[in-house]
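You will see two complexes here that share subunit A, one where it goes with subunit B and one where it goes with subunit C.
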Partner chain A sequence: MARSAKGWLAVGLALGVLVTAVGVRTWAGPVRPAEVRVGIVTFLSGAAAAPFGIPARNAAEVIISELNAGRVPAPYNTPGIGGVPIRPVIIDEAGGAEKQVAELRRLVLDERVDLVIGYISSADCLAVAPVAEELRALLVMFDCGTNQIFEERTYRYVFRTHGHQILDNVGAARYILRIRPQVATIAGINQNYAWGQDSWNTFRDSMRKLKPDVRVLAEQFPRLFAGEYSAELSALLAARPDVIHTSFWGGDLESFLIQGLPRRIYERSTLVLTTGDTVLPRLGQQIPPGVVIGARGPHGALAPNVPLNRWFREVYTNRFNVRPVYPSYHMSQAIFGVKHAYEKALAANRGAWPTKEQVAAALRGATFDTPSGTIRMALGNGHQAVEGVAYGITSRFNTATREMELTQVFHFPAECVNPPEGMKSEEWIARGFPGARCP
Partner chain B sequence: MNQLLIIAVDGLVFASWLFLVSVGLSLIYGVLRILNIAHGSLFAVGAYAGASLVVAYSTAGLWAPGALGVLLVAALAAGLVAGPVIERGIIRWTYGREPVMQLLVTFSVFLILEDLTKLVWGVSPYYAYQPYQLLGQVRIGGIDYPAYSFLLLLVAALTGVGLWWFVRRTRFGRVVVAVIHDPEISVAMGVNLSRVYVTTFALGSVLAALGGAFTAPMISVVPGIGVEVIVLAFAVVVVGGLGSLEGAAAGALLIGLVRAAAVHLLPVLELFTIYLVMAAVLLVRPLGLFGRVEARRI
Partner chain C sequence: MNLPRGALGVLLVAALVVAGLVLPRWLVFLLALALAKGVAVLSVVVLMRAGLVSFGQGLFFAGAAYAAGFAMRWWGIREALLLVPWSVGLAVGLGALAGLLVARYRDIFFAMLTLALSMVLYGVLIKAYGVTGGSDGIRIPTPTLLGLQLSGDDARLVVYYLAVAATAAAAWAVGRYAAAPAGYLAHAVRDNEVRVAYLGAPVSRIVYAAFLLSSGLAGLGGALTALNVGHVDPGLAYWTTSGELVFIAVLGGTGTVLGPLAGAVVYELIRSYAFKYAPYAWQMLVGAAMLLIILFLPGGLWSPVERVWRRAQG
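Presenting the complex of A and B:
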């Protein structure tokens, strides 16, 4: 049946109204969701679970539940994100980089998460960052240490809300020269993969640059998860360096300390543990006095005495019967960074729910408060955070906290231990830390 | 001279540990002709059993040196429970099947045991350092060694001698040798093959658990420790010759000494010294140092 001209006009008008409505709807941006779905990727199994993955997951759980209940101190005292509750989707990081790439795709395309906070392993971060960019998915990396990510390429959707490994090891070198300025010889024992090699190279090169007459007596690189360090300890004891640097973590660090104690390695050399904060609550008196402890930033035992930190320590300890360690703090930085960015974008959008591009723009170059102090997204075109670092040295066992107390604690500000924007870390160290401002 | 002495001591200490963690694998292969990947998990079960019993024993404030006996009890209990259950419940159904199928089955057992240990002991680390620090230090070449390392050397030597005596001097040991050489003729002569298999698997499991239990005081006992061990144990028995007890001792000693030398003289090579030794030995002796050529059966 043929339709009349009037009929066609009516259909045309109806379609026009519909298209306009859809257009207006699209132009107005996304609707306010019932929940913000956040993919959280952390080690729940394997060797990195107990020291890093589980403390990070615990931090995510407790912070998100407190945020949703509106019980977090200012400036995060509004419920959820802009009043919308956060729903975590937690998955295991174990299984290797290829699996993580597939899991990221699943989280974004199937689980429809609004953003992903994740990754402890540097290999995983390097693998997933380009994929997140390709998917145009917001990714906030919370704990991986490699400095390569934002020094090798630029990103639009990928961020990292904590400092990279350069600050750990430049800070360790500066700390050693502050407490033992007469140091003449150094040695290192680090795991034989990117993290261990990069950490040692940064520490060694920083020491050489800051005190050119320092000699390297031994460089040990046992395999990851070796567990047995008898020969390496003998080599270090025989070399008798003034300082031994290690970026060991987890079970490897604990085994090294257990085996080193009866061999009195602490009596001959000052031991520097760049990730030592994670073992303080675990090993108690098995860590002797005189060991330099780092926390990959001002975290854990070295965190500042600010209201957010006091709140975080209290809620975490009450729920898990142990204090938070640095991976927990790194997780807190990612979550608070995301809340800060969303709410900044909401305000800029006059209350309308922001697009992920608007959230990314709000996080780019942002400055926000965390339990570890103020974080600045100052590197990598505003995508990479800088933070200060703190080191201390074990003194005596505190029977109340069941931990070794730290003394001679020094905080090095971000501009002292991070390269300036636009300069690669290796170049910064090789050129003698240009632009560094240290107290 | 001093450095050579330190290398020799480090090599011996590491070799004794390697022998302890690998001899059970060789024994089971020698008799059952199965490469037991689950050996690594049995090591982990022994480590967890040893660590948790030592922690309980030390917390109770009992006589401190008794903790060393507790490690032995833990290894025996873990091996004697897990070994027969695995052999009777799973492994025996694979006898006579393709080696690749046997390998996959023991790998499945490995994965099951890995998850079972997490289920029983969780993912948090266990520390049982009390026995490690109990015996004090011994000064050699100007540096301190924990006396526990030499206890480990003694345990490895006693295990080796005990196994040699068991295989060569006891009636059951001779039956085992007969089965190694020809299972069919052994059955024809009245040997109860099932009994030999289950006993050998249980003994191999006890040895794996013994390695784990005596390693526990030196390390942080965490999930995943079994994976590392199976790779090392495999390298040792391949170098020595699959199925040979003497080979396991020789392989452990060779790898231990070469690795210690690398750590002291050329640390950058340490990571692959084990595989370097393995490749060099297999180039010259494809069946390992003590491997025997077997007649092909039709």
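Presenting the complex of A and C:
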């Protein structure tokens, strides 16, 4: 009897606490959680895992553990997010857009993540963005290249904290004209899918606008993951263009470079590798001098010498025995953007935990520091980041870093290589880059 | 317990209807995806009945999904009850054309030809960037139902019930087909084609009919997938998609109508939980599940259920 009375007392107490908790919750917005759960979606298997997925996952792991320990330099020196530890929930991006749509729903509704950072494939980004909006779930896309997302529709809950493919290729065109102003002929070899086609079209059209007498000698689109390029190399060698542009990545890029070396493709033409940064640590001395290297922004070997970058390179290299490449930097931008937005919303809320809408409002149009420099959310109604882009040219092998050194590094600011707000990229290039401010 | 077979179907449909209301929303979405895939698996099973293994159902699966995408993009049609028949019709049209060639072949030649045709579609979808959006694919906006604008959870639920209704219809149609002369003859073609011909039955027409039915079912699965996911990409035509359908057919069992559907649901669940608990080894878990089923339930997942059912029937 006494036991049962005690039991009833306990139930009553529990109910009371619950009612109070619910009351507080509805009255004062969300309660400060025990942890911020962040879904992280990146390729853990398949062809995009080694060059992109794993470096991005590594960055997420090391940054989140350092953030939770409060060891990141200012302005991110508070532990976790506003003192609340971050808990990553990592899943594989493999399985196609259909699988990823199902997984995003599961992350949000079943795992109850507070937000999702993810997606390398443009098809996945295009497929999941409307779903995140439907679920009213915060989604920060960290690496996909397509410029379609915010140019075709407006979003409330979806963000992208890195620049899209336009800046890589407009930047590449501007860089080529800076180091080789006499360039007369160009050629391209790009993978036959959206990324390759978009990249080449942007580069070619930009070159034609910037130097109308440039002639295109070859446009090659071998299939994705072809891995063998002898016919293409023969055609490129015979065409003798001044510049060869490629947006190849991963295994395809390495195969192309290694197969092109004995045939000295780089002696007749200047090679432009828009994603070249990812192979610098992997191929070392195998990359010849005189190759133009990009990193899809000021990342990797082309990142600015700021305290955050020095810190990032050090902790990443110590943990994984290899330096971070651009997908790692893209991941850092997403995480720091989220931390910045949460803490800004916390401050605006006078310390009360913010709602998703308040975090989204704080991220909209925000400006924040990252290892790649300062990022501005300037396009797509404040949902799409702009960043500058840097290019350099390989010179000599550095035995200390075991990488080719880059010289003639040139940094193009964001307003030089991104369309202004409200204008579609294609239109911006077709009209001759109106509003672009270049040094 | 002496239930007619139709009663089991009604019970299952009722269970699915209730599931839509009580299960968490992500699971309902997964179930809709699994049913759509299950219908496409039925298309593989219909051909297996005639002794043919198709590794190219992606042709119809993706063909119908893109048909829905283009109808929305070009003509602004968003009515689900128009989109589904249109997509299925297009898939059957594709099947009628492809069948003229493919239905003459058997065994490995049939498998290879169907695979080749689906990869042709894949190549076209990837390369015709200006029309198909290339590897980025096409966005499929939320459909309307009988002119009703839907959004959010309502839209998900409506698409789920559409999938339930379409799956029930497909299962019924396949059941009828299997019990009809054409279905029995297809079975006979598998056992001994020459004898069927000598009995005076039109072998080529029987196989062609099975192929048409199969393309329609794969198309129905593709259309439902497109409406559910809200995005189509060329991966739907890739051989791994077609291979997955064969995989699920083996997993579920090919002797019944419910086996493939159950197989699809189980497959999606295994894959989702493998994603959740083993993000680095999910492929291995799915493969291990497959191996275990082949070893211990060679008739497929559904075979023990079928055995119990038969015993109950006496």
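One rule holds for everything that comes next: the second predicted complex is superposed on the first by the 413 of 439 C-alpha atoms of A that agree within 3 Å, B and C clash if a C-alpha of one lies under 4 Å from a C-alpha of the other, contacts with A are read in each partner's own complex, and residues count from 1 in each chain.
Everything that follows uses one rule, which is that a contact is a pair of C-beta atoms (placed from the backbone, for glycine too) under 8 Å apart; a residue touches a chain by one contact, two chains touch by 3 or more.
Everything numeric in this text was worked out from a predicted model, so none of it was measured.
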When subunit B and subunit C are modelled together on subunit A, clash or fit: fit
First, second, both or neither for A:45, with subunit B first and subunit C second: both
Partner chain in contact with A:235 - subunit B first, subunit C second, else both or neither: first
First, second, both or neither for A:307, with subunit B first and subunit C second: neither
Partner chain in contact with A:134 - subunit B first, subunit C second, else both or neither: second
Subunit B versus subunit C as contact partner of A:290, first or second or both or neither: neither
Which superposed partner A:195 touches (first subunit B, second subunit C, both, neither): second
Which of subunit B and subunit C A:226 touches, first, second, both or neither: first
Superposition-derived angle with apex at the Cα centre of subunit A and sides reaching subunit B and subunit C, degrees in steps of 10: 50
Contacts of A:91 with subunit B and subunit C, given as first, second, both or neither: second
Minimal inter-chain CA distance - subunit C and subunit B, angstrom: 5
Common interface residues of subunit A - those touching subunit B in one complex and subunit C in the other: 44-45, 192, 221, 223
Interface residues, subunit C side, partner subunit A - complex: 24-27, 29-30, 33, 126-127, 129, 133-137, 139, 151-152, 225, 229-231, 233, 235-236, 241, 268, 271-272, 275-276, 279-280, 282-283
Contacting residues of subunit B [partner subunit A, same complex]: 2-3, 6, 9-11, 13-14, 17, 118, 123-125, 127, 129, 132-133, 136-137, 141-146, 148-149, 215, 217-220, 222-225, 227-228, 259-260, 263-264, 267-268, 270-271
Subunit A - residues contacting subunit B, complex: 44-47, 49-50, 54, 192, 218-223, 225-228, 230-232, 234-235, 237-238, 250-251, 254-255, 258-259, 261-264, 282-283, 286
Residue numbers on subunit A that touch subunit C, as the complex places them: 44-45, 90-92, 95-99, 101-103, 105-106, 108-111, 122-123, 126-127, 130-131, 134, 146, 148, 192-195, 197, 221, 223-224
